Structures are given as structure tokens and as C-alpha cells.
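Encoded as C-alpha cells, the structure appears first; notes follow it.
Note that the chains are named A, B and C in the order they appear, and that numbering of residues resets to 1 at the start of each chain.
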Amino acid sequence: MTSFAHLLELEDVHTHLQLKQGVVQAVNGVSFSVDAGETLGIVGESGSGKSMTALSIMGLLPRRGAVVKGRIRFKGRELTALSEDEMEQIRGTDVAMIFQDPMTSLNPVYRTGWQVGEPLRIHRHMKTRASIAAAIGLFKKVGIPEAEKRVREYPHMFSGGMRQRAMIGMGLSTSPSLLIADEPTTALDVTIQAQILDLLRTLNQEAGTATILITHNLGVVAGMCDRVIVMYAGRIVEQGRTEDVFAHPEHPYTWSLLRSIPRIDADEHLPLRAIEGSPPDMVRLPPGCKFQPRCPFAISRCATEEPELITVREQLARCWVTQDGTSLDQAAAGG
Amino acid sequence: MSNAPAVVAALQPIRRIRIPLLELARTHRRVTVSAVLVALLFLVALAAPVIAPHDPLATSPDNSYLPPLSPGHLLGSDELGRDLLSRILWGARVSLPVAFVAVAVGLVGGGIVGMLSGYAGGIADLLLMRLIDALLAFPGLILAIAIVAALGPGLRNAMIAIGVVAIPGYARLVRALVLQLKQMEFVTATRSLGATPMRLILGHLIPNLLNPIIVQISLSAGFAILAEATLSFLGLGAQVPTPDWGQMINTGSGFLDNDPWLAIVPGAAISLTVYAFNLLGDSLRDALDPRLRS
Amino acid sequence: MTTYILRRLVLMVPVAFLVTVGVFMLIHLSPGDPALIILGEDRSPQAIAQVHRELGLDKPLYVQYVIWLGRTVHGDLGRSITTNQPVSIAIGERLPATIELGMVALLWSLIVAIPLGTIAAVRRGSLADQVATGITVAGVSIPNFFIGIVLIFVLSVTLRIFPFGGYVPFAQDPFENIRHVILPAIALGTAGAAINMRFTRSSMIEVLNHDYIRTARAKGASWRRVVFVHALKNALIPVVTIVGLQIGGIIEGAVVTETVFTWPGVGRLAVESIFDRDYTVVQGIVLLAAFSYMAANLLVDIVYAWLDPRISYA
């Protein structure tokens, strides 16, 4: 294996989806990298392209989707150039992905232990009995009680939190270098959410597995991720270290997101601040900056020219206003 | 709805629905093709007396067993010298009306049961649905044969028998629709829809009601033609010398080594007709599926 | 689970009752006096009255019904009007032939349907899929007796590979038995094949859209593994329902096929009996057909619940 600069590298990736109404540029010019042991958060609303980015990396795009441009390098290997067979060897071994809804993500007619041990049977050619024994170990590692009994049970007998733990165990069974978690806590209760995130964090620290955490919940990112990427309409609009982005967001979208989170110490009579407008129609995007229709800071330039993603103070941001040097907090206070 | 303006307003949405139907025809080829096919079949049935070259019942012993493409007999002639083409064309006049009547019996009978069951609810619903279940306990053909066995062979009894078999399907469908309707009325009554006028409700209702019924009619027409052909083939439906396709296959099957066309042509006719109706019902169901319309 | 079964059985009672009433009415709706059929020439009023008394036809209708029901429940289905053979024996003699035909037909339909349905689903929208779907609609549109006749014409009359009818018991000559059952089984099974194929296809398409398929792919499972291990087991569960109902409806399908191929089964017996005005036999067969269908419905639900671990009817 050639030596590589980053564990995972995306370079100007474009993914298109062919819909009845037209072509959707689900991922538009996305570039970022992940190093070994890092946690990266990708934040955005539905349709922002965050899940599509993950699926592009894994090569699991739906029928009508394809990566049309750009490079995806994992450990120096160009993933888009690999055959389906070669991708199948990487999936579930070196790169693992877990999904949002644990209720539907497990096969209802097979026992959980059998499913969790499956990557070992596929990739390490383990026998069934050995893989179930390994599954017991994995269950214990992810904190599922009564592991010996549980491996023989079917998924519907598990609670949501336990199913997600099983999924995580499944993903880690082959000790991957990279784990992609697509909204792992969205479908769970708040208390369980915290537990799952704790688990992910522990596993990341102990095993050194790089983690990409995809979510629409900024709170999740704050607790877990070293760096964060904010996506909107298929593009990266802000990128940087988590504490920097949270302390002084350089893109109005990030800024509005942070603003809209209700705070416990806020005056209860103040109205909740939502982001104006609605998510963009991905088939008919406006010219210029894609966030402009909803942006409280928009200037005339924003409607006609789309800004580039360039360095603004400590982050990368795609905004004319901040690239000018304006600070969003001050602009909001000033009026 | 004793209010005249409300009635007029309620009728308005029907016009608006027709235009989407034309749109549908353009974008859905299967529907158009099968609809045209069905229309053609009806035309043939209507026009048979005019376009058939011979009298379907006219025997001519000297001209029996003529092969296809013989002069004057495009498809040849049967064992009694009757022109096969004419008998096939007239056969449509037997099969299609039988299907029609059978579907009508099913629709009316099942519709009444379904409406009563749906509106009345309670014990009446329970009892009526058990009756329907009892009908459904018999496999379709068995039930039809049993009824024909009881009433005696013949086209009229075959029509009744097939109609009875079709009743449960319509009964369940109409009952489900009536239950939906009841819910909507309730909602109107509680004014949770705000100031929505009656016409909007009907504008939603009519497509919702009509669509599944149209699909059901098409599919049960296909089944009815098949059932009629089967009954006639067994000798329980149309009797000799009526030019009925199923019955023609029955007689024709005895002459397979002589003249296979006598059995094959009517078989093809049945298959084509049933196929047209089935395709129509299927493609309509796909086209009108609300899930696919977004 | 047992409560579920019991509940279903209880609900079945009124339906079963109505079914028996319906079958009983068969005889009494039909024109013609069974006495006249039995007596034939000698139709003196005394002889007729005598037969009526013997058959219990002089009693009021509901009494006749109760007597008939009582006998039926004990397995006494009366005697054939034409041959005087007990109906249960007449049916019993011919039932194995019908069952054999039905099972082979079912086997044929599944051999065709499951692979084709799976391929059509996996290659959805492709030419193969469209052709397969078109064949499906055609398969249910062509009358099965016509398929039988075409098969006879091509393979028996013209090519003389298969016999065009008749039956040889398996015990007597297994090879000939198979040779005779193939054509009628194909004729009977083709409509079922079309239905099963379409069902398999739609079930498979639905299953392939489920999230756990995506999970399996993310684990690095090949498409072959995904389809045959993960998808198929799920997709076939609803297919079991359809297949079960087809088993329950064996007699129905057999009626026409046995007539075409002169197969000595229960279906052909039914048709012959109708023309012979042998109503007791018809009654017996219709009753059998209805109850086996009802039983199949119940069994299918039970098997479905047993197969899908998620369903618990507690």
C-alpha cells in the first residue's frame, strides 16, 4: 500500500441523481479529508447532501445516482476506479457504515448474532459458530447485557438503543480504520442518544477508529467531533475545528443554526428563532449563493455570484459577507 | 343536497378531472393500448352482423373442414361447413355481453351489500360480511359450476353464476369506500376542515371512489370472460349451435388431427380479449395509484 | 398463538354453517326430481312417493338439512344417484390422482415463478423484466384448458412425445405415470406460474428497497449474497400465502384440466356428475372444495405467522 497523506480524501466530488423532474446535483464540489483517529462531523438539513456524500464514499448510491466527477481516495486508493468486487472487499472491513434507523436496518428474519457476525464470515471466512462467538464478544464491547442470550434473539426483540449498539458492533467487527455513522441517534430517545454517542466516543478513543458523524443536530457535533463540515444544497458552506465554528461561525447558515437552538438560560418570553424560508428545490436552484433567499445578511452580490470556499479567519467559509471581513455577530447586533 | 347552487358547484370538479385523464392517456401507453383494444373488441361485437361474411349458423356439409385461406372462408370452415371467421366474429357478441351482465350483477349485488354493510355497521355489517365470507369460501370456478349445476346449463344461468362469484369482490370494495365516505362526512360535520365547500370534498371523493371501481370492473370483466369460456367449454354455458368461443374449443378439440384451427382460433380470441381487459385493469391500477402520482 | 388459532376457528363457524346451507340448497334449487332419475321408466306416483320417503325428501326442508348435516359430519355423504356407490368412496378413489396433478402443477409453477420473479425484480425496468411482466399478464389471460389443448396438439398429436390423456398409477409404472402427468400439470400450473411470478417479483422489489438490504451491502455482501440470503427469505413469506391458497384451490383448477386430459380425478368426476344429474356426488365434491379452501386459508395465516418472527398474535 502506498503511503498516503490522509486516511480519506475527497477532492472536488460531484454526485448526480437522475430524477423524473431533472438532474439533482446532490453533492457539488465537496472536498475534505479525514485523518486516522479523527472525528469529523457533517452537519446539514435533509437534502443537503450529507448522506449522499457518505454513500458516494461507500459506493452505495441508489440506482439513479452516480459520482460524475472528482476523486475519493482511501488509504491512497482511488475508490471511484475500483470494480464492484473490489469495493465489496473494502466495505465492511476497512470502512464500515452504520445507518439511521436501527428499527429497519436489521434483517427481521435472521438472528441478531448471526447478522452481527456476518462481516467476519464474509471477509475473514469464519465459520458460523465462530462468528456467533465473536458476536458475543462484540455485544459485550458495545454494552449489550446478557450477550449470550441476546445473540440468539431476533431484532424485533431488541429496543432501539440496543439495536443501534448491535449495528455499531457489526460495524466494528472487522476493526475498520474508518467508521461512517449516518444519523446514528436521530431515531432514538434523547437519553439513549447520549449513551450511543458515549459509546462511539469511547470506541473512537480506544480503537483509534476514525469516525465521520453525519447529523442535523449541532449538539451531537459539539460533544463528539474534532472538526465539523456544514453542508447546504450539496455544497460545503463552512468547514473548520468544532470550537472555532461554534464560537464564531463564518457562514450565515451555521450562524442561524446556532441561533435557533433554544437555550435554557434564555428569557422564556423571547420568540424562538427559526431560519426563514424553506429548504431549496434541488432541481431548480437559484443562481448565486444557494442560501441567499433565506439569508439575513445577504447583499446584492449574493444573488448573482456564487462565492468560493476560502479561508476566513480560522475556518473555510463560502460567503461574500464574511469574506469581506465582516463578523456575523457584530453585523447582527449592529443591524 | 337540496340546495341547487351546491349541486351545481358539486358537479364542477368532474370537468376538471377529465383533463387529467387525457394527460394520463398520453403518458401511459399501456392504458391507451389496452383501452383501444377493448374498444375495438366492442366494435367487432357490435359490427359482427355487418362485417361477418357468412351466417354463423349456416351449415354447408359440402364445404366442411376447409383450411384457412380457402376462397370465401378466410379462416376455413368447421365440421358442418360453417364459416369459422363469421363464427369467431359473432362469438364476440356472446362473450362480451355475458361479461357485461355478469359484471353488472356483481357490481349491483355486491354494491348493495357493501353499501348496506358499510352504512349500517354493527350486527348487520357482521352478518353480511359473514355471508360474503361464505361466498368467498368457495373457489370461484367451483361456485360458478355449482350454481350452474343447480340451475341447469345455459348462457343465462352462466351469467348469473359468474355474477354471483363476482359479488364478494365488489361488496368488500364498496364497503371499504363507504367507510371512508362516512369518515369524511364526520370530518365535515365537525368543521375541522374549515370553510371547505362540499365541492372540494366531492372533488376528492369522486376520483377516490371511481378509480378502484373502474380497475375492479376491468379486471372482473376479464375474469368473467374467462369463466364464461370455461363454463361453455365444459358444456355448462352456451349450447350448440351458438357461436361461443369456449364451446367452439370444446367441439374443436375433437378434430385436432384434422383441423386444429377450429380449436386454436377461438382460443386465441379468448386469450386476446381477456388479455386486453386484464392489461387495461392492471395499467389503470398502476396509473391511478396515488403513491406513484407524486 | 393458540388463542389466535382458536379465535379464527370460532369465526369460521358461522361461515362454515352458511357454506353447508348453501351446498345443501344446491340439490333443492336444481330442477328435476332425483326420484325420477333413479326410477327412470317406472314413474308411478306410488313408486315416486316411495323413493321420496326413502331419500327423506318428504320431510320439511330444515329437517332434511339437519339430517343431512348430521350424516355429513360423520363422513356419510350419501350415495351416488347413478352408481349407488357411497359418495365418500367415489371421491376417495379419485382424490389421489387430483392431488398428484395439483402438486406437480404447483411444482412446475414454482420452478418457473421464483427464478423469473427474482430476476425480474433484480433487473427491474430492464427488457427482461418487461418481457417477464408481459408474459405474466398473458399467462393469466390464456384459459388453462386452451393451454392444455395447444400442448396436446403440439406435443401429442404432432410430435407424439407425450400421450394425450389418461393416467397410469405411480405404483404400477412410475415412468409412465410421470409421462402422463407432465402435460396436464404444465397446463394447470401455467396460470399459477404467472400469478406466483408476479407476486414474487413485487415482493422482491419491495424487500430490496428495505434498509437492511443497504446494511447488508455496507457489510460488503455481494449482490448474490444479498439476493439469495437476505432478500429471498423475506420476499418469499408472502408468496407462501399465495401458494397455500393455490393448494387449497386444487380441485377448482383440476376441473377443466382433468376434462381436457381425461384425467381420472375429482374434477372430472364433478363435471360428469353434473351432466348425469348426480347431485349427491356434486354436493360432496363442492363441499370438499369449499372446506379445503377454508382450511387452506387458515393454515396459510398460521404458517405466515410462524415464518415471520415479528408477528406474534398473542
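The definition used in the following text is that contacts are C-beta pairs under 8 Å (C-beta built on N, C-alpha and C of every residue); 3 or more make two chains touch, one makes a residue touch a chain.
Treat the numbers as computed from the prediction; the structure is a model and nothing was measured.
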Topology of the chain contact graph, where touching chains are joined (line, ring, star, complete, other): line
Which of A-C and B-C has more C-beta contact pairs: B-C
Longest centre-to-centre distance from subunit C, chain (CA-based): A
Gap in Å, rounded to a whole number, between the CA centres of subunit B and subunit A: 54
Between subunit B and subunit C, centroid-to-centroid distance (C-alpha), Å: 24
Whole-Å gap between the CA centroids of subunit A and subunit C: 54
Residues on subunit B engaged by subunit C in the complex (per definition of touch): 130-131, 133-134, 137-142, 145-146, 148-152, 222, 226, 229-230, 233-236, 246, 249, 253, 256-257, 260, 263-264, 267, 270-271, 274-275, 278-279, 282
For the subunit C and subunit B complex, residues of the former touching the latter: 14-16, 18-19, 22-23, 25-27, 29-31, 137-138, 140-143, 145-146, 149-150, 152-153, 157, 248-249, 251-253, 255-256, 259-260, 270-271, 274-275, 279, 282, 286, 289-291, 293-294
Subunit C-facing residues of subunit A, complex: 58, 60, 84-85, 88-93, 96-99, 101, 104-110, 118-119, 122-123, 154, 156, 167, 170
Of subunit C, residues touching subunit A in the complex: 210-212, 214-223, 225, 230, 233-234, 237, 307-310
